[in-house]
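First comes the structure, then the notes that go with it.
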């Protein structure tokens, strides 16, 4: 199986007429992803990579039965583009852009929840089900089909993990970049039930980091609802307090909220296996798969 | 069993300090409904019928673990009061008022859906599970505990039906007034799954009328999902077109949309039993229960 | 409440929606005053609350003063579908390049506002949809106060609206949507929405239907209500918070009841028994003796109402109050046949009073028995 | 971006939020100009981006001109937590009846705005919450642009705020909430919110933290950024769209990498091996030779950085580009130790170039090996 994206995905690319949009649309097509159309307001009627471009998501959805959208739009247009996709009832919306205003994400997070839409990102590499489809900009060559599910706030730590897994011939079922921002569209807790339910996934890798409470919430969920083994890495144990570490979300409050220690403690108590590095993730994986 | 209201209901009355609010709060208490508090902005700290009154629904909810609210507020305040109850996460919100602006209901309908709140009414007599609890202004003496579920757009046709049932010693599990307005908070389709799932309910009575599409939507739902017998009455076969029959929602469009014929036809095709009058409902019921 | 065309235009102007200007007249003298204010040719349009004005001759063109007065008077003295024309709306004749259709209304099924647009206009929307369904966009609006740009874009794209018109069309839609929301409209329709020869979009005719439940918020609209061509008994009943519903001209039975559902059930069973109702009056809640008297006075003043069927079922309605109301109404209902069904608190006391009023009263127990009585002329 | 106190007040004034007025000074001459503009006594407050000003002597009272100049100069020459005080904010001394606390901030757990209020103020909110938890209301705000009346009412009711103050308090909250939304704040805090002797609510001190991702919408705030006391290398790096993060004063290792996660992982493993980093630089995407050169120049100008650890893993980053960047930087990194890990496209070509640069370069394969090399001084 796998989830979010696979052979049944009918993907549209919002912002396909931009430089990044067209480049990554091509990459996704190369990966045999079923990209069905592009959307750029004002560019309706044109063609990019042989794909029709529409002014609205709705038209793309109706003409091509699209069920997923990936957004390659600048952060200041992200709100409008994601809003349109969510309101049109696209069931998976993947946002890539970094530097999305927090207040925008605050609204989009809840809008997506209310409308039953899976919103992934922003500040994310996207979603990939290796060998099937991808919606995002990740370098797909380092991913291989297998039975480890990965969800990660960090792109580089995820890439590194996938790269090291490849050397050991361990592949992935689905890899989800929940993104490095303060307010993600979907959190670890939102993704976990999918991994738990997916028969292809045998082990879950969670790459978290300092800041926020997503790892703590995930720990609580894992304790009560997850039967599969979970390997967790929390980056940033030794990061200074009250300083954003590059990801807008990776910041420990002056009062210590969001520290790596607390996250690891709770994950350990929930039965997760704590890895100290990406190499360590793979070492543990080798004992499990 | 029964649903919406029962012995586990912890009801608040919004607008309890008004004439109608206090009168019907007393009636509900007399019916042994667990009314726990009242809410009237600006009247917090006072007491009505021995019940504490708060300024906000949230305080009433936190202090008394309230899970249902009935609104006795004038139509122009209905939006704010219902909005507050929905946003506070009260799971059942019953609105009574007639003459609620349609645009207000348009918003509340979707807000309640998005937030997973059961909004009943407006222009409704409320909800009663005979012998257990009531949230509304219906004259409870004509209802008796039993195993017929009733949902009705009309108060009078429902009362008459309950009254005739009483003469035949047939009682009700739960009775829901979906209300006579153009845009109800909950429709027949929203209530049907509860009747289907409720073990106490053996037969479902649906009292519809001309206007809108709720009966048609209910017919489609009944066909696919309802295994219990459904008796349906559609009032207004001989009502003139393009004239509101008192209920804001009871109006047949100039082009014939919302006519009783079409509704009955589809209900019949869905396997419902069509009653031609309230007395006819009871006649059919006698053959079933 | 459905506005007359000129009232709809007044609302449009209030919001700055490009809409035709004109003057109303109710007399030839007023027509004379209009002469000189507008460039000829002008259009004279009957202001009545019904469709099909054009076919009935309610829309006339005038090339000069003489024609304006002659044709204007002609329209002012006609009736359209039994509605006398009290007023005309006189506007300049606009050179039109294209007629389109645009409206915002309620979709009761989805419980959302809906935008309906067609670059073909002039006809009724269902006629357009039948002739060229691919040229009609019906787009549901997400709940909320914003008209999303992509909604309008979609309507334009799927109906093949000239892309050059799209920016102005979006502005037009946004403004009409604001009217729809802020004036609590059930319908805000522009048909035809015209593209003028000089390339602008303009509302040439408009229909606005405002939610009666929201009139409190729009006092300026309430004042228009008195002007409307409306049944006098409806107006009189409204003064007492009763709802008076005219039903069938050929009917002879008037229903007085307390509840919409009950009234519809009564009409249905009466029709089924082969009889017709002329009107119904809904008392609403709280039926006191005084109010019953007023209600009976109103229905009795309808000369068609040979028989009055009083059908009361109220959980908290006191039947003795109703009976006393009937008692007080004997003077104006004396020549009418009366069939009375009472159910509720103090039923027995009520029936006692009715029985005391003599043989003019027919008492029945239940709706079926009432309809039987109406059919058979059965006496107590 | 965290505003200085006087900048926060400027934002409050812009929205009409009742907030203290005052003047800033950076020199004694400017202090002299303030004399006469404000009634004595006045308050002199150090403008630095840190808490605990009061304890450090950064808040002084002056009864007259002489004290203003003397104490003002004193504050202007001090440092608080290593931050030199470049500016003071001088305000009238307000007669205060009551100090309260109010803020709007983000609740990351619920992903909603949150209102935090206490009728007790002056201390930090977590101190208040520890001392009198029943006097602190933390109320999540529904997603949307409206501050619902009932939210504020609840905050007032549950903390026992004097009901007479509630109407003005509601206005105050609405305005601060507007600041919070429209200025894209991560935090809009007023502490103390004071009730003055004459019964008005006023912001006496404010903290405003604005979302860096939204600064594009607020050009006037961007200009404030230059004024802020900030690390020069951070500013220089920002000019190239790099993120420079100072880590530990005692550290000796500088990390150059391409990704936040990778940087955190590197710091963690280095710390675990008993070493400390002084800084890290995140290249972001698109690491060309030119950009690498600039990045290395910046970290090399930090005298604490004895060792530079270049850790590059990029799906589409070309390692030969990176290597050429290092090659071009030899002049300013010559006295530094260099540990280099390259992974990605054209890895071999990149390694070849590095090997050609001589023994100053230590090449490692992977992060663990890099940390080992850092620890052991292992050479290639």
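Order as written gives the chain letters A, B, C and D; numbering starts at 1 within each chain.
Quick note on the criterion: contacts are C-beta pairs under 8 Å (C-beta built on N, C-alpha and C of every residue); 3 or more make two chains touch, one makes a residue touch a chain.
All values reported here derive from a predicted model rather than from experimental measurement.
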| item | value |
| --- | --- |
| Where chain B and chain D overlap in contact partners, by chain label | A |
| Furthest chain, CA centroid comparison against chain C | D |
| Centre-of-Cα separation between chain B and chain A, whole angstrom | 43 |
| Centroid distance [mean C-alpha coordinates] between chain C and chain A, Å | 54 |
| Approximate Å spacing (C-alpha centroids) for the pair chain C, chain D | 63 |
| Centroid distance [mean C-alpha coordinates] between chain C and chain B, Å | 28 |
| Overall pattern in which the protein chains touch one another (line/ring/star/complete/other) | other |
| Chains touching one another, given as label pairs in label order | A-B, A-C, A-D, B-C, B-D |
| Contacting residues of chain B [partner chain A, same complex] | 114-115 |
| Contact set on chain A toward chain D in their complex | 75-76, 99-103, 105-107, 109-111, 138-139, 141-142, 152-160, 163, 180, 182-183, 207, 209-213, 217, 235-240, 243, 245-250, 255, 258, 276-279 |
| Partner chain D, residues of chain B touching it in the complex | 41, 44, 54-59, 80, 83-84, 87-88 |
| Chain D residues touching chain B - in the complex, by the definition given at the top | 139, 142, 148-151, 153-154, 157-158 |
| Chain C to chain B touching residues, read off their complex | 106, 108-109, 111-113, 126, 143-144, 181, 184, 186, 211-214, 216-217, 243, 245-248, 257-265, 267-272, 277, 282, 313-316, 343, 366-368 |
